[in-house]
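Okay, got some structures for you below.
Both complexes below contain subunit A, partnered by subunit B and then by subunit C.
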Partner chain A sequence: MLAIQILINALVLGCLYACIAIGFSLVWGVLNVINLIHGSFVVLGAYLGWALYQWLGLLPWYALLIAGPLFFVLGYGVQRAILNRVITAPVLVTLTLTFGLDLILNNAMLYFFKADYRKLILVPPMGQVSLFGVVVPVDRLMATALALVLTGLLYLILRQTRVGRAIIAVRLDRDAAVLMGVDVRNIYAVAFGLGAALAGTAGVLMALIFPISPLTSDGYLGKAFVVCVLGGLGSVSGALAGGLLLALIEGIGSAEIGPAHATTLSFVLLIVFLIVRPQGLLGRRGFE
Partner chain B sequence: MNRMRFVSTLAAMAVAAFSVTPAVAADIVRIGAPLPLTGPLAPEAIKQQQGYNLWAEQANKDGGISIGGKKYKVEIVYADYQSNTPRAIQATEQLITQDKVDFMFSPFGSGAAKAASSVSEKYKVPTIAASASSVQVYDQGYKYLFGTFTPNDTLTTPLTKLVKAKAPDVKRVAILARNDLFPLAIAQEMEQSAKKNGLEVAYFEKYAIGTLDHSATLSQIKSLAPQWIFITGYINDLLLVRKQMVDQQIKATVVTMIAGPAYKEFIEGAGPSAENVTSASWWHPAEQYEGKDVFGSTANFVKLWREKYQSDPDYGQASAAVSGALFQIALERAGAVDREKVREELAKLDVVTFYGPIKFGPTGQVNSYDPPVFQIQGAKPIVLVPEQIKQGELKLGVN
Partner chain C sequence: MTRSAAILLVLVAAYAVVPLFSDAYLLRLGTFASLYAVLALSWNIVGGFAGYPSFATAAFFGFGAYTSGVLQAGGLPLGVSVPAAALASFVLASALGAVLLRLRGHYFAIASLSLVEVFRELVNNATDLTGGGMGLNIPLSGSSGVLQDATFFFYAMWAVLLATALMATFVGASKLGFGLVCIRQNETAATMVGLDTTLYKTIAFGLSACFVGASGGIYAAWVHYIDPSDVFDILYSVKPIVMALIGGLGSSLGVAIGAFVYLALEEIVWRNYIQIHSGLLGLLIVVMLLFLPHGLMSFRGRLLRRIGRHG
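So, the complex of A and B:
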């Protein structure tokens, strides 16, 4: 029974990890930008979810509908105004730039929201479902379901829409895409906007689960990074696979060799993957 | 290289010599305070800063502190070490050699305080640690380091005795500790205390700093059915663990968490799940001491705090404030801004303050008061022990 409980815990956690990582994977895969603001976007989304519930009583499910467009505009703006200027520069330049932007955003959040930890507490609480002695909290379950929906939505956008095909075209061959009449700068901004929207909506869901503070952004960014390396860039399902793998390793690791070493184990796995299978579990060159 | 080192040692000695006899223009006592004002420990640092600032404000009220018939203003020189312990050491060195402070407050927590203590010892700068409780900080044979937190076992021993007396059904304990100096030290102290009192320690594990999920660990604890669950960490860890305990429907007769429940943010963040969680800390606003320090009574300190910050002070904030007040007493008694004299005064201090009676033991760590054990009842911390300031009885059962 304990083993099943640990397995279920890991499955749910894996979907949450995937939800955190998917936007990061998109931006990295398409723009070749390691977007270090990602963690802060997640935290900002969490604050938005918290504030909307605290002040307007708006449940996080509805807050997603506000957070999505809002973060898309924010991300689109950041890419258009700032990142596009250096997008063709070596990866270190964009890395440094997003690092700087992250410092600004994170410290702005510290300034406005303070470093105090907050928590979104639903009244009444959502409770848990239990089946044959295995307990799963409903809020995590809902967040997991929504994470899957968001992931599916991104998959559909990339496969079915013109803009989605254009994103993939740019990823596959930038120059050819230009020749085909694709407005590359616009597509970069759209991809970054989508990444930000996914980060923001993930944040709204995380507000239900984790304590909220600007200081938690590094934790999210770290997980997103590991998930991308494990799952592989360039596919929506890669983030899901990476998230599940990471959560399973952490869960089994902390049960078998103790929670102190679970993180170590996941990083050992990361190194092994970098050496043996650098493209990750499901990595491909194009995006779908 | 050797020549360089010689020169820098000379320079350092010169600096040290000059600052002992300050020929500074204005009559100011400068105290260095390296704090993790940014980074993961920022919430704790801000609390300490508030404590130092309130003291400085009080000390400067009537023109400053009277030292040898002259008034001296107090100035606290802050340095942010960004929650990075190696930088705390650099910041301490910089405060002493470049900013030329007269005295020092330690950086936050046992780990950083221990690391930085060797710097202030080297320059012979009297230093008060406002947030270091582990004996390992004080057992280095240092002469210039003093601390306002009693050793960790003074928290766990009264707690275990209380649980043993009021909850005889409690036989099995599970302990989960953040793998960090203070949280781990107090968990180990708890393990010993439990064993000494005939309790079975069914589970003892550490979790890594920055752990985002405790579900696997908690499932394991649940399967062992302990009656007492003891978890250490800081506010974010404890909020997360408490939420996940509810998620997994883990119930126990007693749930103890150190060191978060004393803070308002924990009670707000945990909401109804904070109810009946027990904890222990070094100070509580319900205490009633009539002190000889600048704040006078505990009640007056709480009143001043509420006026300035519109909230109730917690033990970290109070400890920071009393650290300043102790420097003030030592300076007044020494009659000069002289590091040696102030160190001597601190070492022989035996005084009642708003924070409690203060007397430093031979290692420099205070050993003169009983820290309170409390429980969250009706969203408020209620003191259970010691008897003199007791506000309620231990309630059993945490859901």
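So, the complex of A and C:
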């Protein structure tokens, strides 16, 4: 019984983790930038979802349609105006720059929303269903399903559209892509915009499940780190595998050695993976 | 000894006159200046010389603070607990470095960043030893007054700064420093010519953690109360990088000056805009990285060009 409960929880959480991590992974893989604003984008998305429901009564599933384009434009602008200027600089510079941007965004959120925890509570509540004898809230299931839809959407964009093919081309070989006439700076901005859009929409879904506060952004960012390293960079399937694995390990860890140690466990796992298998579960060696 | 190393040591030595003003605010600021310079000079060994983007400074700062804090709470004097913290940091960092420094670039950055999280969570959960999230109270060392206390901690931190500056000077002038620069420029080639890169990097990581741990130990005694979210704050990892970028990567003198300049900026922002100080700090980082890629040295280049044009 407990085993099934852990498994179902892991499935539900794992898809959400994957959804958070996939945008981070895309930016890391394509731009070679570790984007430390990602966690704050997720929180900003959560506030957007909360505000739209609180003020306009717009349900989170519809809020996704607003959050997606809005965050895409935001991300595109940030990349075009700021990050593209230093894109060829060493890791240290790009990493520190995104840290600086994160400080600004996080401070702005603290200033406007305060550090109080808020919660998006649907009225009337959606109730819960029983799956294999395990009780699961319906809003969580909806969030999970939508997270899968968003992840699938990114997969389709990357595989089926022209701009998606260009993103993959830049990731595989930047110089060759330039020679084939790809506008790399634009592609970087599109990739960053997609990453931001995924973070924002994932945030809207998070608002349904977790309390919202600017202080939670580090937690989301940490999850994105671990999922990317576990699953492997830059692939949709890798992020899904990483997300599910992380949720499973956290679930089992919490049940066996206590929830206080779940974070430690996931980060220790991250370090071990970095050393033993840096390409991740589904990553290919030499793909970088 | 090069000229810039000599200037650095003279600067640090001259800096010891601050207590003569016997102003408590100035002493507090001076102690922080020493602390920041220790962090920046130490980071520069790994980040500047060897070119490894380390974000682990906060991990060893917190580790040193807790090691010395727990020892002091157990009744040991400052003179024993701080060297113990330095030694423990050196040993731990060397052991971790031998493993982690096999990673390069982004992967090393992420791993070193994760180290901070792991340490913080471990300390958070080891409630019996560290007090966990409740924090740790460190007993007052028998002091005779506010000013005497402030002077004492100023000199304690200053002594660590002096040791760090000597260490950085020594590393810069030695074969170790030369080897580290080779590693930054081309690690594969350095290995090919017979340099034991793993050994060099491991020593560098150990040295860079050693004095950070000591400064953490003194910080703990200075503020009398530490908790995990305070001493394992990721800002302790990022600030030294910003200071090094201000002063110019790889140069010990530049990095030390960068630390002082940074402290001055931070103090102005912190004092005037408490509500938005971290946002302004972020803005400072962004503006500097975009417009002054070589830190204060960018000005020198511009100045020289201007002189060249007119003269």
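The rule is simple: the second predicted complex is superposed on the first by the 281 of 288 C-alpha atoms of A that agree within 3 Å, B and C clash if a C-alpha of one lies under 4 Å from a C-alpha of the other, contacts with A are read in each partner's own complex, and residues count from 1 in each chain.
Here is the rule we go by: a contact is a pair of C-beta atoms (placed from the backbone, for glycine too) under 8 Å apart; a residue touches a chain by one contact, two chains touch by 3 or more.
Since this is a predicted model, take the numbers as computed values, not measurements.
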So, after the overlay on subunit A, do subunit B and subunit C clash or fit? They clash
Touching A:R85, do we find subunit B (first), subunit C (second), both, or neither? second
Using the touch definition from the top, say if A:V229 reaches subunit B (first), subunit C (second), both or neither. second
Looking at the overlay, what does A:T96 touch: subunit B (first), subunit C (second), both, or neither? second
After the superposition on A, what does A:A255 contact: first (subunit B), second (subunit C), both or neither? first
For A:L2, is the partner it touches subunit B (first), subunit C (second), both, or none of the two (neither)? first
With both complexes overlaid on chain A, does A:R171 touch subunit B (first), subunit C (second), both or neither? neither
Taking the superposition on A as described, I'd like to know which of subunit B and subunit C A:F267 touches: first, second, both or neither. second
Which of the two partners, first being subunit B and second being subunit C, lies in contact with A:A108: first, second, both, or neither? second
Residues on subunit A in contact with subunit B in one complex and with subunit C in the other? 107, 218, 222, 260-261, 263-264
Applying the document's contact rule, which stretches of subunit A touch subunit C when the two form their complex? 28, 32, 34, 82, 85-86, 89-93, 95-97, 99-104, 106-108, 111, 218, 222, 225, 229, 260-261, 263-264, 267-268, 270-271, 274-275, 278
Which residues of subunit A touch subunit B once you look at their complex with the stated criterion? 1-2, 5-6, 9-10, 13, 107, 110, 114-119, 121, 125, 128, 130, 135, 137, 139-140, 209-211, 213, 215-216, 218-219, 222-223, 247, 250-252, 254-255, 258-264
Give the list of subunit C residues in touch with subunit A in this complex. 47, 51, 53, 55, 99-100, 102-103, 105-107, 109-111, 113-115, 117-118, 121-122, 124-125, 234, 238, 241-242, 245, 275-279, 281-286, 289-290, 293
Which of the residues in subunit B end up touching subunit A in this complex? 38-40, 42-43, 46, 176, 179, 205-208, 210-217, 219-220, 223, 235-236, 239-240, 243, 246-249, 265, 268-272
